[in-house]
Amino acid sequence: MTAANEENEQKIIDKLLGIDDFHELTVRVDDTDLMQVVHANKYLNYFDDGFISFTSKLNKDCGALHKQGIVFPVRKIEVEYINSATFGDNILIHTRVIKVGNTSITLAMNCYKNTKSKDTLLVKGIIVRLIMNINGKKLIKITDFFSNII
Amino acid sequence: MTAANEENEQKIIDKLLGIDDFHELTVRVDDTDLMQVVHANKYLNYFDDGFISFTSKLNKDCGALHKQGIVFPVRKIEVEYINSATFGDNILIHTRVIKVGNTSITLAMNCYKNTKSKDTLLVKGIIVRLIMNINGKKLIKITDFFSNII
Amino acid sequence: MTAANEENEQKIIDKLLGIDDFHELTVRVDDTDLMQVVHANKYLNYFDDGFISFTSKLNKDCGALHKQGIVFPVRKIEVEYINSATFGDNILIHTRVIKVGNTSITLAMNCYKNTKSKDTLLVKGIIVRLIMNINGKKLIKITDFFSNII
Amino acid sequence: MTAANEENEQKIIDKLLGIDDFHELTVRVDDTDLMQVVHANKYLNYFDDGFISFTSKLNKDCGALHKQGIVFPVRKIEVEYINSATFGDNILIHTRVIKVGNTSITLAMNCYKNTKSKDTLLVKGIIVRLIMNINGKKLIKITDFFSNII
């Protein structure tokens, strides 16, 4: 890799590390279970939404990315469940990149219950994702992907 | 029932029959299946969202209704699947009341793929819902419910 | 179509109309919502399971069918919700073919809560499915499909 | 705590640590997404199933536990996604207890793709669960819970 390439790559990494994305959604009835709070698995959907919101900051049309065969499989998650939310609650998902690997990107994703006066931390997640071309089943280098869409 | 009550009830029914609600959402990755389009069951979630949007038109805080123990169980559905949608597509749900029974409300809910130039009809649904107080497991008369929240 | 073909086709239709399939499953926590009963959309998953069980009666390896690109999209559903089930309940799905069209098959699917002493009817469904080759996005004639797998 | 109590508690802990539970299920169409493999969130359902299978080893009727208001909320998960599974695949969930805390139980749950000749490790999970009485929203001491149901 030339020095120019390396510098360019570092710029993209720095840009990714500098983004704070906030995404809001409302809890569905079907997100809850008989405990009358959001089921643990639904936060993974919220993390999907947060990641789409994050990439949409850089490139508006995620649907278009998909039509090109780009997908973002999950490699690893760590989730701590702290408080619970229920139907009708507004959820705020705060997404930050905390590590850019060669073919993986690590995100810190916190979900908050968003009320007028204050926010309650619901869930803290660390998610490692890959970026893949589904057609060739080929991993894409993270900085290559983002240099193309930024 | 007095004539005044009957007239009031008819007014609520007329009001309900006169509402057109439009609600938008974006298809999640998890809404799709291996056919790469939205799975049939997910439209029932979209219908839930459309109904919440509809009631929110009359009363903003559906979460508050839930905290009072109000739920909206489905009694009957008829759904025709016409076209398919995929991840990232914008869905427009058009909700109208077509019948107000004593303890049931019948909604016509059409889902469209919402693109700049035109809308494509995806799914046509007829949904019959009840309104229930979950604590007493007691059905609520439709016009009583809406006269309280309007 | 020759008379021999027609006769063969009628035999397949008669065979399909003569099958009664029974499939059992147990309700998951995540199948329930805050009403503490199974959410309306989950019965569509149960209908999927029932259909797979039905086709497995004719051909054991549905996974293999999928690997050949065969999918079974839903064209239409009518579901009546009569009683409710909750976490841990045993569900019995009774599947019968009620109509064999050219490129669609109509199934009557009843879900029962299965207890030792008696069964309670939970849900009555009519489901119209197509059979499609996902690769060519081509509808397959119903009798052709079943004559190949029987 | 008396010495007798302590000894009894240790016996329960030892019993729990000694159990290996194996649970099988088949991947649904709706478990997959447009990547044509099981979506990351669905493994949390499989973990729910595995935990129910585990507790059923000790006490057959989990539905009955639920009717008494016993629930098993997730406190923490760590999941590593190694290989992928698709529609029709047989999944084997291997559950072991690796730690018994005062009010939490930590389980190691591995999911395998179960084929005739060999098993492929799909997902490795560590799940920390609480045991709670939903009515009083009160945590139950782990050894108390299991001494009652064993």
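Per-chain residue numbering starts at 1, and chain names A, B, C and D are given in the order in which the chains are listed.
Methods note: a contact is a pair of C-beta atoms (placed from the backbone, for glycine too) under 8 Å apart; a residue touches a chain by one contact, two chains touch by 3 or more.
The structure displayed is predicted, hence computed values, not measured ones.
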_Partner chains shared by subunit A and subunit D (touch criterion as defined above)_ = B, C
*A-B or B-C: which has the larger count of contacting C-beta pairs?*
B-C
*asked:* Between subunit B and subunit C, what distance separates the C-alpha centroids? Give it in angstrom.
replied: 27
*Just curious, how far off is subunit C from subunit A if you go by their C-alpha centres, in Å?*
36
_For subunit D, residues contacting two or more additional chains_ = 29-30, 34-35, 41, 45, 66, 71, 86-87
*Draw the chains as points, connect those that touch, then say whether the picture is a line, ring, star, complete or other.*
complete
*Quick one: which bits of subunit D touch subunit B in the complex? Just the residue numbers, please.*
29-30, 32-36, 39, 41, 86-87
*For subunit C, which residues count as touching subunit D in their complex?*
26, 28-30, 44-45, 48-49, 52, 61-66, 71, 86-89
*asked:* Help me check something: in the complex, which residues belonging to subunit A touch subunit D?
replied: 34-35, 40-42, 44-45, 66, 71, 73-81, 84, 134
